[in-house]
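Pasting the structures here.
Next, two complexes with chain A in common: one pairs it with chain B, the other with chain C.
Now for the complex of A and B:
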């Protein structure tokens, strides 16, 4: 589904990713972990198309298509969706407007018509209940005045409505209390399916107790230094990152 | 100013047009002749304003001064074009084509009792003395060279009178159509509104025209609100992009009257609006909502003034400007609290959005307070579209153009949310957000939002 090969990325003249390889197949959940500054957030930002990241070498393909040749919105329309670590506040744009405009943009890109209003309402009602959010959220401007936890729930709500082929969640667990974490984790787990992939970027292992990954990768100094299964995350929680850093330097 | 100088060639050219026009006019009441002379004399003495005059510092009127505009007598206008330009709204309508009254394009036959809506020429024919009293009382020839020129040249316009206690069932639309003429023309319309005690009405002043038109409109509007009168006033200025538009609205508010203005400026190449209210009676309230949107090389200047002449009066102003390309906007909002006008509230806010590096805004809020027990605030901000927000929307699959339209509309939203008339809100939304793709169907979204509101209430 997603293939990242020998990816080198420079930000403001400094090389952050230094030859990263990663393959995610449909049906898999991958977690990228690593110490601060290793380049974890850079990977998902580059895949989503954020400005200011220069790819100097390597390639990213998604279902055979060259992601780096696609506009930001085309990547989303293809099913690559990024959940932000710090969701942006968008004053004046109601959540319901965003959800409807986004869903219909994606449907249009797939050659489907606009979703009829009753069907849309039913979908939204179901997803917002699943995320244990109050319907009044929909009438509020996107993320404006939301708490950290509310913003993260809102990111997951968008995922549940838009049903991406590959959901990339950047530190979705940061700033969440345990109740919010459970709701967010249930949201992510509900996205798991044979056709979909999930990429979790996280610093802590806690989220991975709730969303058990198929593969865990440790990112050190712009490269994947170690990969394993869910047990690797637990080992990292117990031992920290230093031993991987040392191993990779050796 | 230029009182000591001899009149410029520009001034002479306008006065020569007036002299010709006067020669072709029939006999008029003496007070009108006297006012014409006073207006011409004042215009000649002041000349066109230049940028060394503080009030006109940011607005260069040479595009008007250096041109030669004829007077028009022609009201022929394609009915199909007129129908397409007219606001789709049930209304009492009075229409002017290049300033000349068009009976054919007006609907004045269903006016309820207590409402009189006449072209100025007819109001003068019927009872010129009843017009002569209020006309020019608020906006005299001293107000500006343009007001002086208007007084010298005035011929036509609208006179709306509401008897005490009258509630007008439908909005009153005063429509100005600008034609694409072989040679540009000018008009100097007057609007006079006299709202009796406790009367209530909505007036829509709508400026629109054929896209190729390039005429000069120089409007003076006076509005008198008696005790307890309530008036919602929409100015929807969608004049053709080569039209030149100078207008003043001067309001006098009696005790407990309420004036709500929507000053929505989308069109015109060179636009100058002055909006002034005199809050003369306790309990009087004025709300100024403004939105101006400039693109290309449009220049839009809004000057507002709230004079708190009595205690316990309130003014509230919220103006938003959106400027793209090389458009230039001016906002100058002033609140003046007279001595002993205690317990007043005067709030003012102005925010501007620049969509291009070459767009420009000059914004100046002013407060002059000569009383000590008042609540006042003012502020102005200017910024660009939040690129992070654009990116965030695009990461959800919304294309860049729609994302920008959505955010621009959101910026204007605070003002547009106050617009109670859908026909106006939709026209402004379309102008501001551009032609949004069908999938971003605002009407549909609003419906959806309404259904959700109900759902939340379950």
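Now for the complex of A and C:
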């Protein structure tokens, strides 16, 4: 469903991604790992359409469509969803309002029309219970005063409500204690299906014990230096990244 | 105008009475004692009122326009302004909505203004389409039963001279400031509200009900008095863009709250801001002040300011009564070439007085905006408390926001808190919303409305809904 070919990206004149190739098929979970500064977060940000990232070469297609030609909201409406490492606070805007606006914007783009309020409330109640979140979260301003763990749960909650075709989760595991990690992982696992893909960007292997990936890629200096299955993640945990860096330099 | 002509006019007018014949006249531009006498006669005012106006005029002559505000506009030629113009006759006005600027109608549409009100606002000969008489009648009856007086200032001067004499100018004296002095000399009309002791006004009072009193906006004079334990909520203005041939507006609003009284005054101001270069926009120099005269009285100002080319406005509270409360909640939006210097003054005189200031400024385009606030605590105001929160939001990088907080604390028992933030509408916030599938325009309006929420929740319900819609229209195209 997602095809990234020979992707080169510069940020403020500096080349971060230097010819990255990645294919994710429906039903697969991919993990992107790698040392700090390798360009892990850049990849998901570029796919989502964040400003300030210049694609100098290469292509990104999602279900046959040229992603780079699409506006940020169009990408989301097509089913690409980015879960943020540092979700922003939006004072005065209730969580439930954002959820509703986002869901309805996506439904409208698909020609489905707004979801009736009772149906929406039922959906939200179900998902918030699944994420073991207090319903009072819905009435609080988006991410305002949330702890790190609460912000991450909120990202997954949005994902469960929006049901993206491809979820890209940027360091969703950072700052989580083990209980929160379990809940987040269950959320991600509940999304796994034949029609959906997941891209996990993570520095540590810990999350991958709970969400077992089909493929693991190691990103070094803007390229995928090594790919493998879940065992590769464990090997990285045991041996660190240096050997991959050396291997790729050789 | 030669004085004989003047005399003639006045005499003829007098002979024919002030109610029926309002057709002929607009005084030629210029301001002197004759002009004031003309206005006063035209309105059929008693002698004491004319004297009051002339006293104001004499003070005005000795004053100079304020120059301290962070505003940039060419000097105003006060002799080039016409100080009295009668309402246009129906035959001179558009006869139907078909004759009205389609762009204006489009805006009404976006704001969701009911059809009959659109006609009224666009200046169509309304009475043909809008049965304002019946609405006004039922509502006047209801007020009358409760003992509330709500009428035009002209009527009040005629019918309740003692009340007017007692309270007019008692909060904003004639010589208070340049624009207040000018207003006192030449004001044409406005509203008068009197709520007697112990009465809670049975409905929200709105200038909407006076929609067919046209062309009184230029120098409006409003006086609201609440006796002991009385309460009223007053709504001024409306969200629809209002056009006016008069560029200079200098209104005065006075509020008097006696013991345990509560006055809530809400404004939505959306005067014409001018074209893209700011040409032709309204200059709005307003003096609004509330006097918490009685113990435990409370005055609350809520304003949403989106219009005008220039706004100079500081709704204030004089907290004289012990334990009285003053509040100021403001959203000011400037876009295009608009300039606003607005804020409040909270003057703590009585013991245990409290005040709250929440100001939200939004600047977009090439607009410039300043918050100017004074918190003054006098020596007798033991244990006075103030909380000020003052936030600015910038959209784009060509606009400006400035904050000028002044504090004069003459009492060591006072508690004064001030919080201020300035933020750019976050690229990150926009990206976050858009990455959820929400369009940029909807994202901006969501973020801005969130920013203003603390103020909007102070507005009466229907007003709040309109204010949100208005904000979206005002900021249309501000991003991207």
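Details
Here is the rule we use: the second predicted complex is superposed on the first by the 250 of 250 C-alpha atoms of A that agree within 3 Å, B and C clash if a C-alpha of one lies under 4 Å from a C-alpha of the other, contacts with A are read in each partner's own complex, and residues count from 1 in each chain.
Assume a contact is a pair of C-beta atoms (placed from the backbone, for glycine too) under 8 Å apart; a residue touches a chain by one contact, two chains touch by 3 or more.
Worth saying up front: this structure is predicted, and the values here are computed from it rather than measured.
Overlay on chain A: chain B and chain C clash in the combined arrangement.
Looking at the shared chain after the overlay, A:97 reaches both chain B and chain C. In the superposed model, more residues of chain A are touched by B than by the other of chain B and chain C. When the two complexes are overlaid on their common chain A, residue A:227 makes contact with neither chain B nor chain C.
Shared-chain residue A:139: touches chain B; no touch with chain C.
Contact with chain B, but none with chain C, is seen for A:121 once the two complexes are overlaid on the shared chain. Of the two partner chains placed by the overlay, neither chain B nor chain C lies in contact with A:163. With the contact threshold set out at the top, residues 48-51, 71-73, 75-77, 81-82, 84, 87-88, 90-93, 97-98, 101-102, 105-106, 109, 141, 158, 162 of chain A are in contact with chain B in one structure and with chain C in the other.
Chain A meets chain B in the complex at residues 48-51, 71-73, 75-77, 81-82, 84, 87-94, 96-98, 100-102, 104-109, 114, 117, 120-121, 124-125, 134-136, 138-139, 141-142, 158, 162. Partner chain A is touched in their complex by these residues of chain B: 386-389, 391-400, 402-403, 406-407, 409-411, 413-414, 437-441, 444-445, 447-449, 451-453, 455-456.
Across the complex, chain C is touched by residues 48-51, 71-73, 75-77, 81-82, 84, 87-88, 90-93, 97-98, 101-102, 105-106, 109, 141, 158, 162 of chain A. Remark: chain C residues 426-429, 431-440, 442, 446-447, 449-454 touch chain A in the complex.
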